[in-house]
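Presented below are the structures under discussion, each in the form of structure tokens.
Okay, so chain A shows up in both of these, paired with chain B first and chain C after.
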Partner chain A sequence: MHIPDGYLGPYTFGFFYAVMIPIWYRAFKWLKKLRPQQVPLLGVLTAFAFLVMMYNMPVPGGTTAHIVGGTIIAVLIDPWAATVALTIVLLIQALFFGDGGITAYAANVFNMGVVLPFVGYYTYRFLNRKLGLSEVLSSGIGAYVGIVTAATVAGIELGIQPYIQPGYCPYKLSVSVPAMAIAHLVTAGPAAAVVTAAVVWYVKKSRPDLFEMRTIMKSRG
Partner chain B sequence: MDRLTKTLLVVVAALIILSPIGILLVWNYSDAWGEWDVSTVEHMVGQKLPGMEKLANSWNHAVLPDYNVPGWEDKLHASIGYIISAVVGVAVVLAVYYILVRLAAGRGPAS
Partner chain C sequence: MGFLESTAREVLEFTTEAVFSERYARAEGLLQGLDPRVKLVSLFTLVTAVVMLKSMGALLVFYTIPLALAVASGVNPLAFVKRVWLFIPLFTGVIALPSIFMIPGKELFTVPILGWGATREGVYWATLFTLRVATAVSYAILFTMTTRWNDVVSALSSLRVPGMVITITTLAYRYLFLLAKLLLDAMHARRARLAGDLGMVESWKEAGKHIGATFIKANALGEEVYYAMLSRGYDNEVVNQSDLHFSGADYAASAATVLLVLLAFLLERGLP
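The block that comes next holds the complex of A and B.
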């Protein structure tokens, strides 16, 4: 899901820098409110997100996909925590490992650090609070919906490029969207669901307060 | 540091050691969809892509391109290169994270 340099033209990647600037500002403001006792937890989860993306999984048809870890951070801490974590991880991946472009950096953060954790988190919350499903099941489904949505959005960004400016990503929506969606529907999505549900199951058992505290905080507004 | 964070640190260590799984499982696979280099895309679609050619090398200072030490092509070396990349990546990510946390905390009390 890491869009490399060259696939998005200047109008497209410029648009995502413009979109991300206020979001980064908001995420930085959120970071100021992070409680000191949560600082090590978000640190280790940020490292976790970096590492799970190194686990490429085979996709039928010959390509690969990986999970991101954004919904886990969103459920255990906050969706804004996931934005902070993925902003850092994607920057290091681009600069040190050439994974994801510099010009496409803002678009990649938008997909994996905003769309993925927020869709994952609100899916989780809806299933858990409104439908009364368990945290474990809700977070697994949330992670699945989150990563498939993010991949679809990445597919849309790539697929509209030929209409905006030719000479960059040559694949149109009819090719890019199904390719990105299917890879994540069949491979990364199920993996994200299982990993997220397993982590949430473990945390729910060992630190139930992480879930209770947030409920209290939320109900106090 | 609480127990959960300690447990997750063990998980992080395990993920670093086991990371070669992430390349060995997909050894004969192509890249992820839409992550091919310019020449591969041009070959696949049978046309030149001048915009992509211009932008593709916007950044060529990656120290460990593709999470590997350049030239370490065989499975054993690539696996070692992958573990080195995992260690470097985690170290740099954590360093940047703590700098950012410090910057955020330093800018006065939360509003």
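The block that comes next holds the complex of A and C.
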């Protein structure tokens, strides 16, 4: 889902930098509310988010897919923690691994660090609190909806290029959106759902106190 | 058990890769001697300029610049080119290839059996698109290969990125390698106890358990790191000890960046 440089035209990537500035400001305000000991914790969890992204899993079709882990962090801690972690992870990836472009950085953070964790988290919360589904099942479905939505948004960003600035991503919405959405509906989506549900199940079973940490992060923060 | 193996390999490869890139960054060379702030701002400016280029000639000029800079910085040009082009065919190629047949124009050749006609315009467009992506990636990779991680953090810090974000970034990078090692050990331990192959969904669940266990370890580690920092005098503020200062070479590099942007503009408009 990492969009490289050269796929998005200047209007689009400029737009996403403008969109991300207030979001980064809001995320920074969330950071300032943390207690001192939670800052190193968030540092280690950012490393954790990095590792989760490196997990390649076999998916149908003989290839592998990676999950983003945004929903995992959003459910276990807070969606803003996921935004902060992914902002840093994607920066390290863009600068040090050539994964995801520099001009496309803000668009990538928007897709994977904002759309994905927030959609995933609120889907999870709705299913868990309103419909009474279990935390494990809700988080799995949340991760699925989150990653598919983020991929669709990425597909839209790529697909609008021929309409606004020809010369960049060549495919129209009718090609790019199904390509991104279907790939994630049938491959990375199910993997993200099962992995996220298993993580939540495992953490809840072995360290239920940690699972309550998100309330600590909010109430004392 | 494909996923465990491929992940283990990925983690190892990426760790060695990170160490490898510091090797060039620590050497003497043109780009290594520059202030990281100049490099970071120039990188962003030049990549933006490259992404805006629409003519093949201009792109070729801008493609040769990082190559020349790599040589001047003691980076093995072959290793550099290899690193840039390693991923291009995989991602960009897949996107660019179909457009050879999809863009209407003068027909160049027809694929036997399938009967698809490649057009001159299509081939030109696919080449232009691929070259532009490769050029943008070249600048980013060159920056990575010639800049030390600590210098990047210092640059971000003096470019007014909030201190808290810097603290989190520094800790994340430092503990990445430790967490990767813990994860790898856990995977090897699991593999040693495994008889037979896991199914696909079973391997996803297994991944979930490993990630869950890593999350728990990360939490414990986060707490320990905090107390370790506290006992060494941490008072909720990380002090950056680097002393970045502009030298003559940095002013020259900044001027060169401005000139290159002007050159990009002129090449696009057509030289007078």
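Convention: the second predicted complex is superposed on the first by the 186 of 221 C-alpha atoms of A that agree within 3 Å, B and C clash if a C-alpha of one lies under 4 Å from a C-alpha of the other, contacts with A are read in each partner's own complex, and residues count from 1 in each chain.
Following the convention adopted for this analysis, a contact is a pair of C-beta atoms (placed from the backbone, for glycine too) under 8 Å apart; a residue touches a chain by one contact, two chains touch by 3 or more.
The model shown is predicted, which means the values in this text are computed figures rather than measured ones.
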item: Partner chain in contact with A:Ile3 - chain B first, chain C second, else both or neither; value: first
item: Which superposed partner A:Val195 touches (first chain B, second chain C, both, neither); value: second
item: Partner chain(s) touched by A:Gln93 [first = chain B, second = chain C, both, neither]; value: first
item: First (chain B), second (chain C), both or neither touched by A:Met180; value: first
item: Chain B versus chain C as contact partner of A:Ile72, first or second or both or neither; value: second
item: A:Gly132 touches, of chain B and chain C: first, second, both or neither?; value: neither
item: First, second, both or neither for A:Pro170, with chain B first and chain C second; value: both
item: First, second, both or neither for A:Pro22, with chain B first and chain C second; value: neither
item: Partner chain in contact with A:Thr46 - chain B first, chain C second, else both or neither; value: both
item: Set intersection of chain A contacts, chain C complex versus chain B complex; value: 4-7, 9, 28, 31-32, 37, 39-48, 50-52, 54-59, 64, 84-85, 88-89, 91-92, 94-98, 101-103, 167-171, 202-203, 206-207, 210
item: Chain C contact footprint on chain A (complex, rising order); value: 4-7, 9-10, 13, 28, 31-32, 36-37, 39-48, 50-52, 54-60, 64, 69, 72, 76, 84-85, 87-89, 91-92, 94-98, 101-103, 167-171, 190-191, 194-203, 206-207, 210, 213
item: Partner chain A, residues of chain B touching it in the complex; value: 1-5, 7-9, 11-12, 15-16, 19, 21-23, 25-26, 29-35, 37-38, 41, 45, 47, 49-67, 82, 85-86, 88-90, 92-94, 96-98, 100-101, 104-105, 107, 110-111
item: For the chain A and chain B complex, residues of the former touching the latter; value: 1-7, 9, 28-29, 31-34, 37, 39-48, 50-52, 54-59, 62-66, 84-85, 88-89, 91-99, 101-103, 154-155, 158, 165-171, 176, 179-180, 183, 202-203, 206-207, 210
item: List of chain C residues in touch with chain A within their complex; value: 2-3, 6-7, 10-11, 14, 17-18, 21, 43-44, 47-48, 50-52, 54, 83-84, 87, 91-92, 95-96, 99, 102-103, 125, 128-129, 132-133, 136-137, 140-141, 143-144, 149, 152, 162, 164-165, 167-176, 178-180, 183, 200-201, 203-205, 207-209, 211-216, 218-219, 221-223, 225-226, 229, 236
